[in-house]
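Two complexes follow with subunit A in common, the first pairing it with subunit B and the second with subunit C.
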Partner chain A sequence: MTTLAETKTEDLVEYYFEQAWSDGLPVVPPTPEKIAAVIDALGGDPEHLEAVVPPRRGGLTRQILAVNMVMAGCKPEYAPVVRAAMLALCSPAFNLNGVQATTHMVSPLLVVNGPIRREIGMNSGHNVFGSGNRANATIGRAIRMILLSVGGGTPGDLDKSTLGSPAKYTYCIAENEEISPWAPYHVEHGMNPDDSSVFVIASEPPHSVTNHIADDAEGVLDSIISAMSTIAHNNAVSSGSCAVVIGPEHAATISKSGWTRHDVRNYLWMNAGNKFSALSFNDRYGKIYNRNLPRWYKREPDARIPIVPSADDIHLFVAGGEAGRFSAFIPGWGHMTSPVLLRIDGTSPDAAAMCEDGTCRL
Partner chain B sequence: MHDAIRLETSGIPTAVLVTTVFLHEAKVQREALGMTAIEPVVVTHPLSTLSNEQLDERAAEALEQVVHAWGGK
Partner chain C sequence: MIYDPRGTIDAPVLHLAKRPANLRGLRIGVLDNTKWNGWKLEDRIATTLAQRLSLGPIKRYKKESFSRDARPELLAQIAAESDLVLTGIGD
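And now, the complex of A and B:
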């Protein structure tokens, strides 16, 4: 026999579907007790406004943040990550307004670094972009639900994405710092290893890079360069920034060649790109200048057009399981957005401290 | 719409050009940013891939609206 409580729960799930308060999947009914636990984890004060979420510019109070986290299936201890991610997404440099409304398939990718990854049980290993880990799945889902219900990014309404992507359900990983031969991403950007951080970049889903042959850095990286060097993604035509995720076996091979993160990013930047003749379709549709590319690029048929303006615009991570010679290229949305890195408390890394000890060349 | 509202706030009459499919988004933005009187200039979607002749047609669609947005009749 079904109890009254069970019936109510079932009805609530249907009720949330009817109210369009879901991402298309069933949500966890946000009971007052569960909401209170998340608000406590956020520091109390449910009316405290954390952010204003474009394009609808809805107010994200701690209470609303908590409701969405509970509905997405988050544990209270995920709260600092979701909060910091939302602060990053709502900072002006990210241009969430455009990311939400564009016809492109872009979705924010969240990468978490530092001790909090382990404290909340995030997956940075096998199937890192896939299903099966509560923290990765529900942190990314909570962000998407906030973008939908608070930001107003409803498909077909304010979200005009032609195709969308599976990354619009959840898109959240942690760097595999333990297996990486290099310093973690946030240390490369001037933080301490004991700091935790969130990094957001508006991007496509990952594109697999296979290479089961190369036993040196150049060979592995040339395959990643091949994935980068097409005219089909937005970086090629609109510049901006991108991410590269090196799988652990590939990272070990590259590291064995003695290459640093700095070497890897510069080699990728130096060798990825297209000829301007490819981007301009050999003038098939008339003379093209393309104002979306930096003005210092030569608009001549044989000129090399880099995928992004500088090696610093390639954001490099090591993630994935210990077995498998795979990496991934993740094209960005273009120059219309800038990725954002924040400490877990929501503060920016101290720009003056960045690189002063040479960590940018790790 | 963001740029237009900044320019209008600093006293520069501004015409915001949107294609038909983005009119709703433009209206939501002006509400959210608190300048409900700003009227976008609306032209038929799309703008990409048009010939010069088709672009002339879009310009003709926009002309009267632009003049109005800039304070003319």
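And now, the complex of A and C:
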């Protein structure tokens, strides 16, 4: 900590830019009062170490967490969400070291479930992935600031992403539980509806799926399957897990056909994929085995290669505004990471610790 | 007050292993990172080095995932069974 003899707010904004303690946008200069309010919301004890953030392995104490949250523009009541998200990101299964350092454009997507969404005013409706809501914007931004400053994910240094993505500024939504015809995501995974949870998945940005024609489940889902079935995204060549966000109008159409969440995930899994011949470029560049795909896939030209190994690797959410027949497919990074679901207090619904071989993936 | 947002690093400083004075006969371990073509390059380098420098036997190991850390047990096994280790990353 340094003391400047005279400081004006605008000087501090420039000072933080000069130190490269920013995501490229102006930060809110942290003051002792604002930091103290966030530390209080975290339970006091500013030196308490919450996590170690790779690849730099910087220590994320409550004080450092609070400084970054204030700089990102967070209110103190967002603190449990940001903390739980960081605990999820820093758990071994997620492999944040790889997510931060890879040449791929991956960024963690945070999805929040349960009562805390409403308590802190998160947006789960119109423009859910877009701008305009303080909680969504600044929670995601605080996570990115921590990944940059504490985790050392500086572009070109420890972050080697070739292209990056806009999701590397902020990538945080809430599920629209109120409008969804199905049980919320965290309830599907064994939690109580009154629990609040955070879910993180290392992923590419959303790919829009339009279908303004279909009046049945198959029609809507076939459009999502079309978006999933390409050889261009990372799931196609590296397996892993992905997310599908169904817009409320599409969800209503699917539900009217009597389909459950389970039916939807199974149908997507059964029908999305590519032939191995497409993934191996028809041997144009020599015989390719692809060691990133599960070993139990057939490496034969006509073999169907699913987008992810099982229907449970498709993480399904309902989000967005009530008008518009749109959904989104969100490809994951690949088998190198496993998504993590935590209760808002940071505890896990299962005892998963090491998921290196995929046996205890979410 | 200026608050530094980076947090401190509390990790032991690690040093590189001592360089052997003579390479002749030393056991070489090759850790395949499982990238598509990485093992081809590593295998060629290990074989060439072994011939040119009269190294000892080559033993090959494989990580579960190119992006994740190798399992601690695997690292311990490599350390116990090798005098030199060759690894790297590449598609």
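FYI, the second predicted complex is superposed on the first by the 342 of 362 C-alpha atoms of A that agree within 3 Å, B and C clash if a C-alpha of one lies under 4 Å from a C-alpha of the other, contacts with A are read in each partner's own complex, and residues count from 1 in each chain.
Methods note: a residue touches a chain if its C-beta (ideal position, glycine included) is under 8 Å from a C-beta of that chain, and two chains touch if they have at least 3 such contacts.
Just so it is clear, the model here is predicted, and its values are computed rather than measured.
In the superposition on chain A, A:125 contacts neither subunit B nor subunit C.
When the two structures are aligned on the shared chain, A:309 is found in touch with neither subunit B nor subunit C. When the two complexes are overlaid on their common chain A, residue A:324 makes contact with neither subunit B nor subunit C. For subunit A, the partner that touches more of its residues is C, with subunit B and subunit C as the two candidates.
Of the two partner chains, neither subunit B nor subunit C is touched by A:73.
In the overlay built on the shared chain, the residue A:157 is in contact with subunit B alone; subunit C does not reach it.
Once the two complexes are overlaid on the shared chain, A:56 sits against subunit B and subunit C alike. Residue contacts after overlaying the shared chain place A:64 against subunit C, while subunit B stays out of touching range.
Overlaid on A, the two complexes show subunit B and subunit C touching the same residues of subunit A, namely 56-57, 97.
Taken together, the subunit B residues at the contact with subunit A in this complex read 2, 21-22, 24-25, 28-29, 32-33. Residue ranges on subunit A touching subunit C, taken from their complex, read 1-4, 7, 12, 15, 19, 21, 30-32, 35, 53, 56-61, 64, 67-68, 71, 95, 97-98, 102, 145, 149-150, 288-292, 335-337, 356-357. Interface of subunit A with subunit B (complex): residues 54-57, 97, 101, 152, 157-158, 160. Every residue of subunit C that touches subunit A in the complex is listed here, in rising order: 1-11, 34-36, 64-69, 71.
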